[in-house]
Amino acid sequence: MNELQERLAWRGISRRGFLKYCTMLASLMALPPAAGQAMAEALARARRPAVIWLPFQECTGCLESITRSHTPTIEGLIFDALSLDYSETLMAAAGHQAEQALKRAVEDNAGRFILVIDGSVPTGLNGAYSCIAGRSNLDLLREVAPKAAVVIAMGSCAAFGGIPAARPNPTGAVAISEIVRDKPLVNIPGCPPIPVVMTGVIAHYLTFGSLPELDRLRRPRAFYGETIHDRCYRRPFYDRGLFAKSFDDEGARQGWCLFELGCKGPVTYNACAHVKWNDHTSFPIESGHGCIGCSEPGFWDAGGFYRPLSAPAGPLKLAAGAVAAGAAVGVAVAIANRARKGAARAAHVTATVADLEKADGGER
Amino acid sequence: MSSTALQAHNSTRATRGASLERAVEVLKEVIDAPIASYFSSCVHCGLCAEACLFYTETGEPKYTPIHKLEPLRRVWEREYTLLGRVKKWLGLSKPLTDEELGAWRELVYDSCTMCGRCSLVCPVGNDLVYMIRKLREGMALAGHAPPGVVAATRRTVEIGSPMGIRWPAVAAQIKHVEAETGLKVPIDQAGAEYMLLLSSMEIINFPEYLSAIARIMHVAGKTWTLCSEAFEATNSGIQIGVSDIARVIVARVVNAAERLQVKTVVSPECGHAYFALRWDGPNLMGRPFGFEVKHVLEVLDEFRVQGLIRTEGFEEGRLTFHDPCQIVRRGGVIEPQRHLMQMIARDFVEMDETGKYNWCCGGGGGVSANEEAEGLRLAAFKRKKAQLEACGAQTLVTACANCRIVLEEGLEHYQMALPVVGLTELVAKHLAQDDGRRQDEEG
Amino acid sequence: MGLEAIPVVVEPADLAAARAVLRELAVLVERLLATGEGGAIDLGVLPLTPAARAWLIDRLGRGEVEIRLTAGGQSTITETGCAGVWWVRHGNEAGVVTSELLEVAYVPGLVPVSRAEVENGLQRLNSGLDGLN
Amino acid sequence: MNALEFLAWVRGPGLDLALAVFALGVVWRLIEIYTLGRKPDLAPPRRVPAASGWHTLWRRMLPPPGMFRRSPVSYVGGYVFHLGLAIVVFFFIPHIQLIKALLGLSWPGLPSPVIDAVTVVTLAAMVVVLIDRVRRPVKRYLSTFEDYFVWVLTFLPVLTGYLAVKHLWLPYTTMLALHILSAELLIALLPFTKLFHAFTAWGSRWFNGEINARRGVPV
C-alpha cells in the first residue's frame, strides 16, 4: 500500500472512498470518467510534492475554508498528504525555526515545489505594510516565486487584489500575478474559494503534469466557466420575471430570483451554484441571500451588494447641473436666434418685381 | 476696396435686385419653429417621394420632396442651430452659393406644384409644402424663379393679370354673357352680398363660367357684383413665393371688397387664387378682413342647402371629379363638390385616391406658367392618366381653371378623348328654372 | 419552510440529449463485448433536464443486482435492465448525490477488491486468529 | 481596468455622464428649436371635427391610404423595429429596474423568452430596414453618413444586449458593460442626431396638424 493510501486509511478513508472522490473531482472538472481512475492512481503514485504556503495581506479565510470543513474531508487530507513544508498558520515551528524551515524547503525543492499564496501583496512604501520577520511580502515573493514549479493564487486577494486592493487601496495592494509574471500561475478566486477547486487543480497537476485549462483571468475553466446565474436553481424565476423585492416578502419566501435585491450571480463566474458549499449542502443564494460576486476582480467596488445590476452604480451627480446648463445654452441660442431673425426682419426691404432678376446681371 | 466700402456695396446690392445675400436674409426671416422642428425630425425615410407625382412618374430620386428643401435646411442649420454655427466657425460647413441655389430651381419650381400631398404622408409630420413655400421666398429673391413665372408675376403686378388681360377684355366678355343670358352682370355695385372674382384663364378660355354664375345668382336671388379694379383672383406672388408681391396683389381685392362693402368675396374656380385670398390673404395683409372669403363651390353648396337652387336632369355617362389641391387638400373644401356632383350626376365615381389624398394635375404652383417644366409636367400627368383610366369616367369634372387647362393639355398629349368641365357650369346647365323664389318674384 | 418547499419549474423534457446517451451506451456495450473494456458516461456534465434524466433511467429499467457501498457516504450501484449497464450514484456523508454515472462493465470498477486489500485482510485474519489463541 | 470595473464605470460615472449629456442636449435643442417662434395665423379658421394637432399626433402613426402598398418595407420594418425597441427597452425587467432606480417608476415586465424573441425580430427588422435603405434609390440618395452612423448607434445596444443575455462571444460581464456603454452612446448622441425625432416628431406632427386643421383638413 502506498503512502497516500496509508495516510488516507489511517484517517478512515478507504481505497473505494478515495476513488469515489476522484470520480467526483473528474466530473466537476468535466473530465471523462476514466480520468477519475487516472487521478486516483496518479495521486497514489505521486512522490509527495512539496507545498509552500505563504500568507500575505489576508484574513486566513482561505486556509480556514480548506482546513476547517466539518469532517476530515478528502480535500484537507490530500492537502495534508502533500508535504506542507511551510505554512505559518499551520506549522508548529515559530520564529527562527520557521524561517529556517522555509529556507530549507525552498532550497531542497527548488524548481519542484507548489507555491500557494493567499492574500494580496502591498507595494506601497516598498512593501512595508506587511512584513514577516522583518522582510516584506514583496521581497519574499520575489525571492521564492522564481524557484517554484507552479504558483497558485488562493482566494480573491491573491488572485485579484481583493479587499485590500479595494478603493482607496491605502497599501497599494496588488494581485500575485502583478508580481509573478514568468511562472505558470493559476488563480483560484473566491472569498473564500471553494476547497474542491484547489484539490482539483493540484490533482490535475499531479495527474497530467500540467495545470487545467485556464481562462483569460487564469482561472480553471472547469470551475469558472459559467456564471452563478447560469446554474442557479432560481433561474426559472428570473426568466419568468418573478423577483423578491425585499428579504422578507412573499417572493423571498417563495424562493424567487434575488436579482432586484442586488444578486451579482449574472456577472459572477464560479461554481457555487452546482458544487455548493459545506460538502455539497448549500450556497448563499440557497440561503436566501444574493451572490455578492466575491470571486470577481474588483468585486468590492462593483457598485454595492444590494443594488440591482441594472441600477445605476452611483448617484447621478451631473443630471441637475446638465439640465440647468442645457437650459442656459438653449436660452442663449434662443436669444441669439431671435436677434438674428430680428436683424433680418429689420433689414427687410420690400421686394418688388424688379427684385426677381439679378440687378448686377447686366452691369458686369 | 475697404471693408466699409465693401459693406456699403453689399448693402446696396442687398437692397436692389435679386441676390444671394437677399435670399439668405429673407430665408432667415421666414425660418420659424415649425421649420426647425421639421428639419430636426426628418429621418430620411423617403416616404415623401412616394407621395410626389414627380418622383412616382419619373423614378428620379432627386425629386424627393425633402431633398428639394436642402438649401433651406442648410440656412436653418448654419444660422439657427448652435452645432451648425460651430461647424460654420470651424469651417466644416460651406455657405450656400448662388450656383447651388440656381441648381435647385428645377427642384423647387419645375418639379413642385405645392400640392402638399407629401405633407400628408410624412410619418414624423413634416409639413413639406409649408417649407417649399418659404424656400421660394429665397429662391425668387436670388433671381432663380423660372422666367415664365417671373413674367406672369410681372404682368399681374404691372397689368393686373398674369395673362396680361385688362378690364376691357373682361367688359367684352360681360357684354357677350349679358347677350347670351339676358341677365345683367353687375359691375362695381356697392353693398352687394357677393363680389365675384375671375381668373384670367376663365376670361380667355372658359367664359362659360361667368354666364353660369350670372344665371345661378339670378336664380338664387342674390345680389352680386364684379369689380372693375379687382377682377383678377389669381396671385402669382404666392406661386413664385414672394410675400411682398403677393400682398400687393391681394390688397387690390381686399381694398375693392371693403370699398364696395360686400359681405362675401367669392373665389372662382381656381385653386391658388382661393388659397391666396382665403388662407394667405389675412396673413399677408397682417389683419383679418372685413368680409368673408368663400370658394364658389362653398357658395353653391350653401345655396343647395338653403334650397335656393335646384337642378333637374343628370349628365349622361360616368363622371368623376378631380379635386384641385389648393381647394381641397390645402383649402379644406372637401365635401361641397361631392354634394354638387350628386345633384348633376347619376353615375359619379371617385378616383382611387381622392379628396384630401387626390393627385395633382401637375400644373399647380406656377408649373403651368413655366415653359421649362413642360416635359416634366407631361410626365407627371401619367399619374392622373392612370387614375382616370382606372375609374373609367367618361367626363372629368373639376373646379379650377388651371387644373382644367392642364388636364386638357395632358389628355390631348396622351390622346385621351375625355371632356373636362367646370362644376359650376354643370350646375348652371342643370339649374331648374322653376325655382320657388323666382316664381314668387314673378308672381 | 424548508428548501424542498421552494417551487422550481420543471422544464419540458428535451429528450435529444437522453437519446444521445442511449446511443452512446450501445456503443460502449458493443465495445465491452468485443474487447472486454467498457466505459462510463458522466451524467453530471451532460445538459440533461431532470425530466430527461428520469426518462433515461426509466428507459434503462431495473436489473437484479443492487450494491450499496459505504465509503465517505452512501453510494448505490444498480444494475439496469440492460445487463452490463450500471447506474452509479455517489452520495456524500450528508446524503447529497455528488456524482452520477452510467458505467458499462461486467462488474463495476469500484466493486472488486484489490490484491493489497486482500493481503491486508489476510493479515488481519491471521492476527485475529493469533489473538484467539 | 477589469470587466467588473468596466461594468461599474458604465453603471456609475458613465451613466451619469451619458444622462447628463442627454439632458443637456434635449433641453438645449428643444429650446433652440421651439423658441424660433412663428407668426399667428390671422385667417379665420374653419372648424372641422378631428382636425387638430392632437389628432395628427396619433393619426400619423398609421400609413395614409395607398402608402403602405408603395413602400411596405418602410412601414412593416418601421413598425416592427420601433415597437420592438419600445418593448425591449421598456419591458425587459433589468431595464425597468434601471428606470425605477432613476425615476422611481416601475411596471410589470415581460418574461425573458418573450424579450429574447422580440429582440431577434427587432434586429432582423433593423437589418431589413438597412438593406432597404441601401437598395431603394430614394433612400440611398437621401442617406448621409449620419443615417448609417445612427443605424449602427441604434443597432449596437440591441445586439450587445442580446449577446450579453445569451452569453455569446464575450464573457457576460464584458458584454453587459459593452451593452450599457453602447446604450449610453445612443442616449448621449440622441439629441444631436436625427434620433432627436423621438422628441421633435411630436411637435412636427402637432404643427402640421394644427396648421392644416385651421383650414379644415384633418391631416
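As written, the chains take the letters A, B, C and D, and residue 1 is the first residue of each chain.
Criterion: a contact is a pair of C-beta atoms (placed from the backbone, for glycine too) under 8 Å apart; a residue touches a chain by one contact, two chains touch by 3 or more.
Keep in mind the model is a prediction, meaning the values are calculated, not measured.
**Q** Give the chain pair, either A-B or B-D, that is connected by more C-beta contacts.
**A** Pair with more contacting C-beta pairs, B-D versus A-B: B-D.
**Q** What chain lies closest to the overall centre, CA atoms only?
**A** Taking the mean of all protein C-alpha atoms as reference, the closest chain is D.
**Q** How many Å are there between the centre of chain A and the centre of chain C, using C-alpha atoms for each centre?
**A** Spacing between the chain centres: roughly 34 Å.
**Q** Need the CA-centroid distance for the pair chain C / chain D, whole Å please.
**A** 57
**Q** Taking each chain's centre as the mean position of its Cα atoms, how many Å separate chain A from chain B?
**A** 75
**Q** In chain B, which residues are in touch with two or more of the other chains?
**A** 31, 80-82
**Q** Give the residues of chain A touching no fewer than two other chains, as numbers and ranges.
**A** As it turns out, chain A has residues touching two or more other chains at 240, 329, 333, 337, 341.
**Q** Quick check: what residues of chain D touch more than one other chain, meaning two or more?
**A** 28-29, 32, 35-37
**Q** Inside the complex, what are the residues of chain B that reach chain A?
**A** Those residues of chain B that touch chain A are 13-19, 22, 25-26, 28-29, 31, 79-82, 140-141, 143, 145, 150, 153-154, 157-158, 240, 242, 244-245.
**Q** List the residues on chain C that touch chain A in their complex, please.
**A** Going by the criterion above, the answer is residues 1, 3, 6-9, 11, 39-42, 44-45, 69, 71-72, 75, 90, 92-94, 96, 98-99, 101, 103, 109-110, 114, 116-117, 120.
**Q** What residues of chain B sit close enough to touch chain D in their complex?
**A** On the chain B side, the touching residues are 31-38, 40-47, 49-51, 55-56, 59, 61-62, 64, 66-67, 80-83, 119-127, 130, 278-283, 285-288, 292, 329-334, 352-353, 356-357.
**Q** Write out the stretch or stretches of chain A touching chain D in their complex.
**A** The touching residues are 160, 216-217, 227, 229-230, 238-241, 243, 259-260, 266-267, 269, 293, 296-299, 301-303, 307-319, 321-323, 325-327, 329-331, 333-334, 337-338, 341.
**Q** Would you pull the chain A residues touching chain C in the complex into a rising list?
**A** Interface residues on the chain A side: 1, 13-17, 19-21, 23-24, 26-28, 30, 32-34, 37, 71, 74, 233, 236-237, 240, 253-255, 279-282, 286.
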